[in-house]
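Both complexes below contain subunit A, partnered by subunit B and then by subunit C.
Take a look at the complex of A and B:
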């Protein structure tokens, strides 16, 4: 790993150099607030953003993604045979991703490449992607990332970590991908390692201390699934839920999708769309039976998946990075921090 | 509004103590400064958690659909009108619901307030018409009247239209010059301008259906967008499919919408969904002299036939 310093006056120039080799994504402000999206040729990532309504999930896992296509035209030799849809897997970079949002992509990767199955769409996109993170100097009030195994300065899922020190960035080059990106940008001025490390560590400590919100889940692993599933707290948690998909769509670690075929004339496309376990349609069987027909069972599923099933399956912590988006954006403020702490503290009555 | 909170708690506590209702639906302070969330109190103890302030934005009529329980519910003007609509549409029986009416001086707009601050809000304290808001970086005292939600600024019935008990004195109804100014602005556009306006309006929609699900009117067992045989609407992020959802949903609310603003409140993308429904409120008012949810004995205009119908084709 090496440390580079970047004068902010030269940052845009570097981004312009990167544009020639990479498709660039980053935080950009719209009427809805910031989102992480593709940047036009005259746009630069807004590195000062506090929060983004949506995470960088859509860069690697778009809300609607073409998977396969075919033709019904029987004069074509390969009619009715599904073929993989074309997509651009040339190098791309997300500049300005938050460290915990990058960690979320690692969680998605666990699911999309789990030994038994490899999702070619996500994995190919991930391979093409360089993640240039920006350390969070001033965490928001709903940020609880330090208690989910990541944090405002977590570099473990990044290729480069940028640290804003006022008039310059320090860039920690973490991987070979990061090295190539930095070279392309011309970000090569070595920083005084000792001074830079000290400054970064001081900012890191300050940021981590500013995260005041936290969750506890250390007891959840040893509790039985059935015990938590049957705990008499789900009706109260679920009461106010309106069953919209906000929490799942703004969540950087929610990966469920629905597959749909759409045809027009002789051409047919198979696509996948983000799906949400909050919707009754998510589990509706063709028979009409719905195993999660009640609101409470859907709310329970979302939290049990994130806080218990995932934990048990992968033994790599919970399926939540503590970004706080669902807490802030839930129209009825169902708070995963409270739910997690309740589960952690839950004791079955004898 | 502390006096309301106190009164609501005492009414709710008595109802639960006397076993007159199974639960009292009201609001409880959430985990964020500007979040008062729908909450069901089932015991006297839980009744003490009920609150009422200027952030009680969700419409509680949404929680009354298809239930057999006897329920007490806290109702502002708009909620009470939706309860009337629910009763008229047979979603709940009048004797099943005990209405705790709350005269309302308007709810504040979360987005208008947060836009004044760079960082997250940490405190929200009301003192009459004055509100003290703190964020991580600063503190500011604001006047409630400057930060009301758009729907509250054009509200015609701040007082409950139906109730069993009131939690406070009636407030004065606002005199408004023109409550449909926002609609007229769109009506005055030429068709191309209007189309691009609506296209831009829904461009950022992520189809979470928060607007639909926060709406007390949207109680269909299967919404047309969820229907799979036949499938009316594509499920992807296709512009036409997204617009189809918004346009059709709005039309389904024609003559039934109380302009309570829950749809906009729920939208994570800040889409002004009311731009669609408000036009239908205006049409209902102009064509049928109709305001939703004022009278238990009247059916919504699109639900009935009248010889006085303004359209010729139907006669």
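Take a look at the complex of A and C:
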């Protein structure tokens, strides 16, 4: 691994150099707070942001995305034959992604490359992407990332980790992709390894100690799916839920999507859009039958998927990185930390 | 690697009205590109997404058998947006097929076993595929006794009637055809619900007997205790599920029952496995 230092003016110049070879995405302030979006040629990532309303999920998995297209015009030789929609898979970089949001992309990758099938839209975008993370020095009150197997300084899913020491950044170059990005930016001034490591570790410890809330899930694996599914907890948990779906949209690990065809005149596009398990339409059969027609069954699905089904299926922890967005933005204060701890503590009555 | 969302282009070769109320039609498709037919190599019990540009996609069980070459067949009930559009399409129209998808009846472990097929109503499509597959001269010796209990509301609602009559005449398959009721004085088969007829005619389970059950929920509900009474264990009862699907390849997240995805880990499950998962189907 390679440690470099970047002064803050040099950082901006580096970003300008990167623009020539990468399409840049990063935190930008909007009306409703920060989002991670494409940066215009005169914009710089706002590295001081505390929270973004949405994660960087949409860079690789857009909220709406063209998949296929065709024409209904029967004078065309390939009418009604679907083809892949064009998209730009040239190199791109997300600068200023939070470490746990990068971890969430690893979780999405598990779903979109499942051994039997590879989703080319997500995977091609991921391969084109360099993730330049910013360590979180001051975690927010809803952050519980340290107890989900990641954390404010987790570098495991990043290509570069930037650490803001006030007057400058240290950059830990983690992968070859990161190395190429750093070279493009001209981030090459070696840091004093010992001093930099000490300073980074001190900031890391301070940040991790500032994460005060946590969840426990170590007992969930040994309970059976049916036992937790039938636990008499779900009506209480779901009672206040209004099925708005906010939790699923702000979640960096929620991957469910819908496929819809749109046509105008003779042109036809097959789109995919984020979907939500909170909607009754999500599972409604054409016959009218709905296996998750009740609110409680949908709330149960969301938490069981994240905390139990995913855990059992992949044996790689839970499908939650502890970003706290769903906790913060839920209009009725449903808190995944409480739900997780309840499941963890649940004992079936004999 | 191939794009799993990209359908193979097909042409509608034939459309046949399958039931007297015209609510079901059987569509025969041929692949526009010959090599796609090889890529679409399937086993009885699998399904595919029928893909109509501008309308959407529907997951439908494959009704043709892998032993039938040159075409694929699907029998479709008119019920939603896509199926209604499909029912109005014409021979020669171009559309797409994506698949084959999902798992299949466990043919590897069904070898040299007695097979009991219990089917009801529209859910006979992949069972037709299975019967044609087992009766193929190449395959028939790979199975012992074959019993089929198949029922519909009335004689005109039975699918594949010509084939049923042919199978009825053969001595290497025991057909037990039934209808809920009929006023046809010449009706020479059973009258009564599938569970009740199964109780009368289905073979008792031995270690070498497996039941494949496909039908509406009410039929499954009442057939299960009958099979138990006949000695079938949970791992000897094989069922095929359906749930709402979009992607068909285990990614879009809606068809799950517990951690199993009906589209990719199913649609075929043993009762044993289903009993260890939430019944969200």
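In this section, the second predicted complex is superposed on the first by the 350 of 350 C-alpha atoms of A that agree within 3 Å, B and C clash if a C-alpha of one lies under 4 Å from a C-alpha of the other, contacts with A are read in each partner's own complex, and residues count from 1 in each chain.
The rule is simple: contacts are C-beta pairs under 8 Å (C-beta built on N, C-alpha and C of every residue); 3 or more make two chains touch, one makes a residue touch a chain.
Only a predicted model underlies this, so the values are computations on that prediction, with no experimental measurement involved.
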Clash or fit, subunit B versus subunit C on superposed subunit A: fit
Superposed arrangement, angle subtended at the Cα centre of subunit A by subunit B and subunit C, nearest 10 degrees: 90
Touched partner set for A:313, first subunit B, second subunit C, both or neither: second
Touching partner for A:328 - first (subunit B), second (subunit C), both, neither: first
First, second, both or neither for A:219, with subunit B first and subunit C second: neither
Contacts of A:209 with subunit B and subunit C, given as first, second, both or neither: neither
Which superposed partner A:111 touches (first subunit B, second subunit C, both, neither): second
Touched partner set for A:258, first subunit B, second subunit C, both or neither: both
Subunit B versus subunit C as contact partner of A:138, first or second or both or neither: first
First (subunit B), second (subunit C), both or neither touched by A:283: second
Partner chain in contact with A:54 - subunit B first, subunit C second, else both or neither: first
Smallest separation in angstrom, by C-alpha atoms, between subunit B and subunit C in the superposition: 6
Set of subunit A residues, in rising order, touched by both subunit B and subunit C: 258, 260
Complex contact set, residues of subunit A against subunit C: 67-68, 70, 72, 79-84, 111-112, 114, 116-120, 224-226, 229, 255-261, 263, 268, 270, 275, 277, 282-287, 289, 291-292, 297, 301, 304-305, 308-310, 312-313
Residue numbers on subunit A that touch subunit B, as the complex places them: 30-33, 50, 53-54, 62-64, 138, 140-142, 239-240, 242-246, 249-250, 258, 260, 262, 271, 273, 276, 279-281, 327-329, 331-335, 337-338
Subunit A-facing residues of subunit B, complex: 30-32, 35, 37-40, 58, 62-63, 118-122, 136, 204, 206-210, 212-214, 226, 234-238, 265-266, 268-271
Residues of subunit C defined as touching subunit A within the complex: 1, 3-7, 9, 32, 51, 53-57, 79-80, 83, 93-96, 217, 242-244, 246-247, 249-259, 264, 276-278, 280-281
